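You will see chain A twice below: alongside chain B first, and alongside chain C after that.
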Partner chain A sequence: MEMKKPFEPKILAFLCNWCAYAGADLAGVSRLQYPPTLRSIRVMCSGRVDPVYITDGLKSGFDSVFVSG
Partner chain B sequence: MNEFDCGLDIRAATSIKYAQAVPLAYSIDREQCIGCGLCEKICLAGAINYHDRPKRTELEVGAVILAVGNELFDPGVQEVFAYGKSPNVITSMEFERILSASGPYMGHLMRPYDREEPKKIAWLQCVGSRDTHECSNAYCSGVCCMYAIKEAVIAREHAHGDLEPTIFYMDIRTYGKDFEEYYNRARNEHGVRFIRSRVHTVNPVEDGNLEITYIDDNGELKSEIFDLVVLSVGFQVGKESIKLAGRLGIELNKYNFARTDSFAPVATTREGVFVCGAIQCPKDIPQSVMEASAAAAASSVLLSESRWTQTQIQEMPPETNVIGEPPRIGVFICQCGINIAGVVNVPEVREYAKTLPYVTYAEDNMYTCSQDTQVKMAEVIREQGINRVVVAACTPKTHEPLFQETLMNAGLNKYLFEMANIRNQDSWVHSKDPSAATEKAKDLVRMAVTKAALLEPLPDTELGMEPVTMVVGGGVAGMVCVKNLADQGYEVHLVERSEELGGQARLLNKTWRGEDIHAYVKDLEDEIEKNPMVHVHRSTELTNVEGFVGNFSSTLKNGDKEITLKHGVAVVATGGHEYRPSEYLYGEDSRVLTHLELDAKFIQDDPSLKDVQSAVFIQCVGSREPDRPYCSRVCCTHTMESALELKRRNPDVDVYVLYRDIRTYGEREDLFREAREKGVIFFRYGLQSKPKVSKGTDTLEIEIQDHILKRPVILRADLLVLATAIIPSEAGQLATFFKVPVNDDGFFIEAHAKLRPVDFATDGIFLCGIAHYPKSIDESIAQALAAASRASGLIATGKVFASGTVARINPMYCSGCGVCVSICPYSAPSIMEEGRFAGKAEINSVLCKGCGLCVASCRSGAIDLKGFEQSQIMAMIDEV
Partner chain C sequence: MELTQYLLDLSGIGRNRLQVRWVSAAEGQLFAEYVTEVSDITQKLGPFDPDKFELPLAAVERTLNSARIRWLLGLTKQITEQGNVYNEKLKKEDFKKMLHRAAEEEYQKALIMQVLEERPLSVKEMAEKTGLAVYTVSLRLNELERCNQAGLKQYSGNAPIFMGM
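Coming up: the complex of A and B.
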């Protein structure tokens, strides 16, 4: 029988340029490791995130959407 | 040996000194080169020149700025620390390299002896500092307490908490902005242990471990084994710097630091030669950065007549019109040495990029950001007719401007550019899963390419600059800033709330070097008054500010009179004042004074000072307490000055200082030593056992728990001086007017604590003096000059550019609901009052910061954000 891989959610992240995106950069500088299933989109402010983006993200196959800013 | 990594690893005889070296070019280490000639044979660029020699160049200059820095103290000269005997005794700089991701152990916390992870690390403070022995330095190096605490906290993060850091210290000197809070967090949250003891010997024991014997606070002899010992070495002036100073003909002080005056902190003894940074005295990054700008301001006064005479203007090619052209995307993928290529399969990503729609060209580079790649990139853009560029590399936060400049050099609009972050957000964070990291890199490149295909050229708006500065606050900082700008030839308005200029400086007796403050303030005021470029507004309040960088319009109110001032930039120098305490009988007994009240008596030569037989100083009154956690920085030094002044007036007076940590940083340490030599007696107290003050029969009685005797001691005094906190002036509406932030303690927050210490995040507004943080007069003056330098830098260009990534409203869709007007933090949208679209909203692109808040909140879908358009983001989502 084929071994099932543990569930790893696909996450779409909207990161504010000034804080969360800089934080994600810093996580890299600090070599913090996290699952490679996250895809991020840089926005100039989390206020830019239209609710449609979230529904559209979920529709295009993401398990969750992360808005950080 | 790799000297950049402090000899902890080795490098080849041909090497780049470090990853960020400028120029990023290889050089040959002549001492290690065996002269085989192989590099000359294989270098395709023919760049090897074995006969390169130092060249002599003559420059004609109007001013010289010396920024040569310091060397570190070499602990090898003091055998007691076992430095050089045990590989596990290292300097703080070596430990910095160990912690660095680009260091000898790739950021893994290991000790040199056996590459094992240490479990117990000891930091020994004041190695080579605050030590009058030969081969050592008597001054305090000023930065070591803070860096040791930082290293301890970071080391513990590297060890995921599995580390016991211990710092052995004499006094913890966290006197900088937010430093005391960091110290408290290190102790209370990060488990850093602080032991007050000067360690005299480090003994190597078995397994590379080290035994430290010390005497604890209770006087007991203790011994403890550590895996690694870090020596917090101080600064000293290098031999080459001393020679250079000799050649330049500038005087050095007894410690070989450049001699400067408190009132001209960046001017050396030779006119036209300026200094900044640690060559002037030991100091940290923010202070060095301030002085760097200050030196620029001071030299600008000498050079103002020749401004723009030798300027080389970079010629930009005309912008190619790409509107209507189908996208032709060029993709440049960076290996970043091994930073990306070590994890991500870069050739695979490159080949994949070639298959994406509209991609006409893809290549990978060792370092896409390097100068030679920029030249090549511009060529490729022109030759291949590329009209959109994607760089897959590090982060746009740091590198977007560089690549945008390359686009402009190639005649492309700089907004036709997109980055894919495949380093910070990919190879570095998925280093253990190369195949997943490669897949992610492909996704990120595809998303970037998708967005790039939809990018449009955007204009940066050029605006005029009102060549006038408004300085708010007429204390020493404000006045120095005004004087410098006026001396540079710019018009300045000084707004002071009270009738008098000079602020707190009028109340001070002398500087810590003993210079006369009053004469200085008087001269400064006279010079400002007679300078035709300066307009002083006394008894004037600022009641409103409108506009933005280059075009502010402020309302000044003097009594019933109101004027409107147009200015391009503004400087906030609103200062602070002394805290008036409600403890220690202050206000109840006339013998209890604050520092400034004692200074007033010194200035007036008050006869009652002659009767003082016994004086007590209490430190940290209202500072470093739970309600006001910051250290007020200047009070320890002030106490030393006043204690010595009392001793000068009457050598028989008994002087006691009750303190928590003595923070006489830098060369101020000399005053502390002098006070001890003159017989001033120091008692330490803790926050839990504060002194108790009561009225005795003839004298004040101050009870304190002595930490050596372990019993209460009563001091009788006829003068009690409280070293009270320095508190900032109420920021009030000023913060709202300029849209600048204020911290919990009421001090203004600068744009970047280390690198932009006088800028605000809001363009065109600058900060100096005590409004930023408590500081001494020389430090205020340096920061004021720095603010003047930053302000003049903007004014001198005569124009400002506003970014093209702004919101735009399509009035055809706008319903005029006004949500954007109410929601915008920058007041950019407004409702048009006339014209065809009256009643609809419009956006002032100069005020717009491009956050997109209005875009997401527009119910009619009438607003879009240029550069981050709805269609672009939706396309990216659909592509993931």
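Coming up: the complex of A and C.
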């Protein structure tokens, strides 16, 4: 019998190279637990994120978009 | 980002699909907390179906790409802080209101342009397809005509049929 998989969100993340990306790195190094739902893209600055990237992300099937810097 | 969230609300997708958080390089703990929080929010919202929101998404994208919105956003600082040569400035709230009004109009125009891309339509058909009121459609259509973005194609009986240009 096939088991119904629980919904696991897919989140597109834009992380600033100097802030959030380094923060994510630190979280990894300090072995902090967080959900494996992010698909991250490193950008050189969160100001680099054009609003159109967000609609593009939603269009390509992500459940939400996370911008962090 | 605030404007994008406003547009997501306007289009029925909901602003919560876009989350913005500030984390510094030293805040690994905070980052982990935010990821958990954003994950929980998305979990509650449930899966996003891009096919169901095809029209609104395309219209939001069109709006964000429109010259009017891009110029306004780019001039935010100048309008609210530096002022013009007469030293007239807009208050931050007034600017935000103006920006939202502009975004709403551009979004309605984008919806119309989007449905006209498929085939020429009458005002009534456009209103049905976009979910806008007939009056709103004719207002925006008028603006589009003045900018040469839409025009009259033919008459079907008494009803004028418009096309995108």
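The rule is simple: the second predicted complex is superposed on the first by the 66 of 69 C-alpha atoms of A that agree within 3 Å, B and C clash if a C-alpha of one lies under 4 Å from a C-alpha of the other, contacts with A are read in each partner's own complex, and residues count from 1 in each chain.
Definition applied: a contact is a pair of C-beta atoms (placed from the backbone, for glycine too) under 8 Å apart; a residue touches a chain by one contact, two chains touch by 3 or more.
Predicted model, so just to flag it, every value in this text is computed and none were measured.
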{"item": "Touching partner for A:A20 - first (chain B), second (chain C), both, neither", "value": "second"}
{"item": "Which superposed partner A:V29 touches (first chain B, second chain C, both, neither)", "value": "both"}
{"item": "Which superposed partner A:S68 touches (first chain B, second chain C, both, neither)", "value": "second"}
{"item": "Touching partner for A:R39 - first (chain B), second (chain C), both, neither", "value": "first"}
{"item": "Partner chain in contact with A:F7 - chain B first, chain C second, else both or neither", "value": "second"}
{"item": "Which of chain B and chain C A:S60 touches, first, second, both or neither", "value": "both"}
{"item": "Shared chain A contacts, counted only where both chain B and chain C touch the same residue", "value": "22, 24-30, 32-34, 37, 50-52, 56, 60, 62"}
{"item": "Residue numbers on chain A that touch chain B, as the complex places them", "value": "12, 17, 21-22, 24-34, 36-37, 39-45, 47-53, 56-57, 60, 62"}
{"item": "Sites on chain C touched by chain A in the complex", "value": "1, 3-4, 13, 16-36, 38-39, 41-43, 45-48, 50, 53, 57, 60-61, 64-65"}
{"item": "Complex contacts: residues of chain A adjacent to chain C", "value": "7, 9, 11, 18-20, 22-30, 32-35, 37-38, 50-52, 54-56, 58-69"}
{"item": "Contact footprint of chain A on chain B as seen in their complex", "value": "101, 107, 157, 395-397, 421, 423-426, 428-433, 436-437, 439-440, 443-444, 447, 805, 849-853, 855-857, 865, 868, 870, 873-874, 876-878, 880"}
